[in-house]
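See the structures that follow.
In what follows, chain A forms one complex with chain B and a second complex with chain C.
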Partner chain A sequence: MMSAGLKSKWAYLAVAALLAFLILVPFDWFLGRYTTLMIFIGIYAIVTVGLCLLMGYTGQVSLGQAAFFGIGAYMSAILSKTYGVNPWLAMFIAAVMTGAFAYIIGYPIFRLRGNYLAMATLGLGLIVWVLFRELSHFTGGPDGMAGIPYLSLGGFVFDSAFRRYFLVWFFCMAVLLISQNIVRSRTGRALRAIHGSEAASESIGINVAQFKVKILVLSAVYASIAGSLFVHHLRFVSPQPFDFLASVKLVVMAVIGGLASVWGAIFGAGATRILSDEILLRFGQWDIIIYGLILMLVMIFMPEGLFVKLKEVFNRLRLRYRQKGAES
Partner chain B sequence: MSADQFLQYLVSGVTQGSIYGLIGLGFTIIYAVTKIINFAQGEFVMLGGLLSFTLAHSAGLPLAPALIVAVIIASLIGAFMYLLAIRTAKSASVVSLIIITIGAAIFIRGIAGELWGVDAVRPPYFSGSTSLSFLGAYIHPQALWIIGTTVVVTIILHLFLTYTMVGKALKACAINPVASSMVGVNPKIMALIAFVMAAAIGGIGGVVMAPFTLTAYNVGVMLGLKGFVAAAIGGFKSPLAAVFGGLLLGIVESLAVAANWGPFTSAYKDAIALIVLMLILLVRSGKLAEEERTG
Partner chain C sequence: MSGSVILETRGLSKTFGGLVALDKVDLSAETGKITAIIGPNGAGKTTLFNLVTGVYPVSSGEIYFQGRLLNKVPAHKRASLGVVRTFQHVHLFTHMTVLEHVMSGRHPRSSYGFLEAAFRLPKARREEEAISLDAIKYLNLVGLGAYAEQDALSLPLGQQKLLAIARALATEPQLIMLDEPGAGLNTLEKRQLSDLIRSIREMGITVILVEHDMPLVMGIAEWIVVLDSGAKIAEGTASQVQKDPRVIAAYLGEEAE
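Then we have the complex of A and B:
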């Protein structure tokens, strides 16, 4: 194995390069015209990190993650627009309520596993989506609701894409760092143990059910925050971005990013949004055809995820290069 | 509600329920033999309907051959799905297999969306649309076709599993794949047969259903979910139980809409299946967890 020092040196370099890149993106002389795209990537990366933690570290699949995303979005929209609640307070209330919802459904739903759990999350996602559509008195029904206020800090209103870009990516980076710390902590080790073997984890005193519910709650809170950012960016909300396909697309992002990789989430969300919004936008159903292929190919040939696989290949090449250097 | 109305809703529930039962049969066969839940099961129903529309309407084939060809094409797609996606992922985990079948589902759905467009279509009725009167309720001839097909498919499947060598081998493989491979039953071939049968039954369901309910490229998810509920009511054990599960779900849905109290207006019809699903899963969760653990 390579020395830990070298590995972390490379990791710091990669993170520093990523940060520099992210700060420069929204300026017109750099990638300014992609600011909106990058805002969506940041928002989806937040949801994806939660899903990566849930799927990668607990081995549980969620086919209804868009429901949490949608609950956050709708609660923010309804509270801030219909009831005139301060948008930040609305965002906070939405996150707490979504977390509480995840907590309440967590214990019964995690009594299931594997196929049944997957189907239960799919069903839950569909129920929530039906509610968005049918409770039109609150949600505006299939047409959605417009005129949601912008977020603001003091007198500083996030009313331009340039400003919202930094807001979204501030949240995204905070979520990534928190997640990184969780993964490296005692909790993260417990989660990996649960993924390895639930029976063995229980025998060494890990409360499996409790950890699973905690991570579900965390992923729901992430999704809710992302949902709030989503509606305060678009100032519009409708049921469509939270349907079954949306949940599947979130799984695609997590699968591309690598199910057990926190930073891969940015990669997964980025690759998917670029594919959908820039390349395949004009081609009708082609994005879900490609996503279907990606899901099958990645799961068949590299179940640990595309990003993790690329990282592995990169490390192996670097190691070989170093060995050659040492020999000569 | 008068007795006539009750009967009318019962008829409509049994019709819908028969379709759910056929889809549930597919889930049950694949799960019994391979322990895989095929999330693409609903897509075969969609394919059956759309293919029969194209063959009978646009290609101008007579109805009977069009229906048969539609079912055959759906079965072939089932075979390809198993050979290309499931079999190549040799020792994949449960989660990987779930994601693979979902990938297959949206892949098929996307292709169908490209080929047929997004509008719903109605293939021709099998025998007209003059409703028949039955004990004061009206029943559409296509509904009779749906119910009749379900009965016939269930009987044929039962006879096949009980009296033919291949059927017995499938049952043996479902009970214990290792032991049955020792007496010469190849589990991989059995899995292929299971996928083809499930796709064929799904295709048949789509073919008989489409003239009655219309069909479009995106009907697969909801139908798949309802079929799963039917199979879950039946416990994924016996085909007959899956059909009864489907009928039960169809009747509950229809009567809940008929009752029209509180939130259960027709807009929430789909949510009823999901609530039934949640109840079954939670009531049986202890037993299900035990089964998954013992494999």
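Then we have the complex of A and C:
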């Protein structure tokens, strides 16, 4: 854990630098041409943070997180386009319904542990994905549905990438801040305790089953919000972004970011999206092999995650630099 | 035995498939005393702990804590009732500092939840401050105050065991059950452990311990219960138990008939 003093000063500096960077990104004279990419990174970071809380802190694997992402996306799309519900209200209803869905499946699914839990969540992801394809009366089937309205605030419509960028990153920062607060609280300690030893957690009065379900619900709500932002950005929705591969990619993002690091989620989502949108496109269908390889290498050589590893290296370099300074 | 009984089991049994791990055990522990449960390996000592703390459901029989039937009380609720335990294999948490371990022990004595945590509402900040102050108190009690910011798993085994006890004490129990607290400790650490157990008793907390180290048990236990093959074969004070022929037979084996 971060101790007070120097380390936290550096943490504040890093956060301030990140914020300044994020505010400047969409301007044309800076990284304006990457605005769309950055919107996707923000959206995926929101899902990844939830997965970090669930997998990294609480130790519960989900190979079906794209299901919650997709339910949020489709509910927003259907409510706002087909039924003409206000997009913000649609987003809210979607989050509540996705949370309720997670709550209902939570208790039975957490009777399972480890590999069995992984298989069950994988199954969940597949079922939900099939429903997106087959309930074509509502979802438009494999072709999806277009013409989803933009979000707007009063007369201010989020109809440009520049505007949506700030909207998405506002949500992303809010989610990060809330998650960080949770991690550093009584609840966060309970979650990490469950990861360490369920028997010991129960023995000191932690309701293990309930905390697991609650954190699943929170991660599902995050994913749902991200899904809503996703469809109001693209104005189009189809089953493809919510398939099994999407769930795997989400796990890759969480793992690269460092499972037990909230801020690492941005890094994980960023690295993975840049990799897939800018580099792996050339490999076509082979990209899944590269994802698999990355996942294996990271898990073998830096199980704490690339982000956490980089942070360690940075801290070590800083210490060495300071020691040298003290000697001379 | 005289005085009030804090924990009582009646005909307590546990079977795993065809294996009888615990067979109709009647046991009572007096409030404010140190009771030891001893017996050879496989005698059912840890099974008894697991039943009392709710790790396993009971096969038959009853467990009463302060006169209240515990059988159907979920494991996590028993801590707030005042029953807490430690584990033979320590069971510390990964990536958690020494202080955070003890803070997690304050869980049943604090109440703020997800929402208060997410927005750092006044209740969360107030409770969090009390939690860390209380935790430091318990950490000093076991003599680990100087290691508060260290990763708990970097401590040597002896200190890890003390930390597990501090974590359990932080729940403010009336009864603490220690599962082989002395295993793996050196002579000095064992002496410190005996002192700590005595001071826990001074705090008015009842202690039940399972232990293989006979000098340790004989030195601190005021009442000893002997289990063998899942059944209670003897109980009494240290000197009574040591002379009991059934106890000697259980430990040394009987002559072939």
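The rule we apply is simple: the second predicted complex is superposed on the first by the 324 of 328 C-alpha atoms of A that agree within 3 Å, B and C clash if a C-alpha of one lies under 4 Å from a C-alpha of the other, contacts with A are read in each partner's own complex, and residues count from 1 in each chain.
The rule is simple: a contact is a pair of C-beta atoms (placed from the backbone, for glycine too) under 8 Å apart; a residue touches a chain by one contact, two chains touch by 3 or more.
Owing to the predicted nature of the structure, the values given are computational and were not obtained by experimental measurement.
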item	value
Partner, of chain C and chain B, that touches more residues belonging to chain A	B
Which of chain B and chain C A:Ser185 touches, first, second, both or neither	second
Touched partner set for A:Pro142, first chain B, second chain C, both or neither	neither
Interface residues, chain C side, partner chain A - complex	53-55, 74-80, 84-85, 87, 91-97, 100, 103-108, 110, 112-114, 116-120, 124, 127-128, 131, 149, 164, 167-168, 170-171
In the complex with chain C, residue positions of chain A that touch it	1, 3, 178, 181-182, 185-190, 192-193, 195-197, 199-208, 214, 218, 260
Touching residues (chain side chain B, partner chain A) in the complex	31, 36-37, 39, 85, 88-89, 92-100, 102-111, 113-114, 217, 221-222, 225, 228, 232, 267-268, 270-271, 274-275, 277-278, 281-282, 285-286, 288-289, 292
Residues of chain A touching chain B in the complex	55, 59-61, 63, 108, 111-116, 118-120, 122-124, 126-127, 130-131, 133-134, 244-245, 248, 251, 255, 284-289, 291-296, 299-300, 303
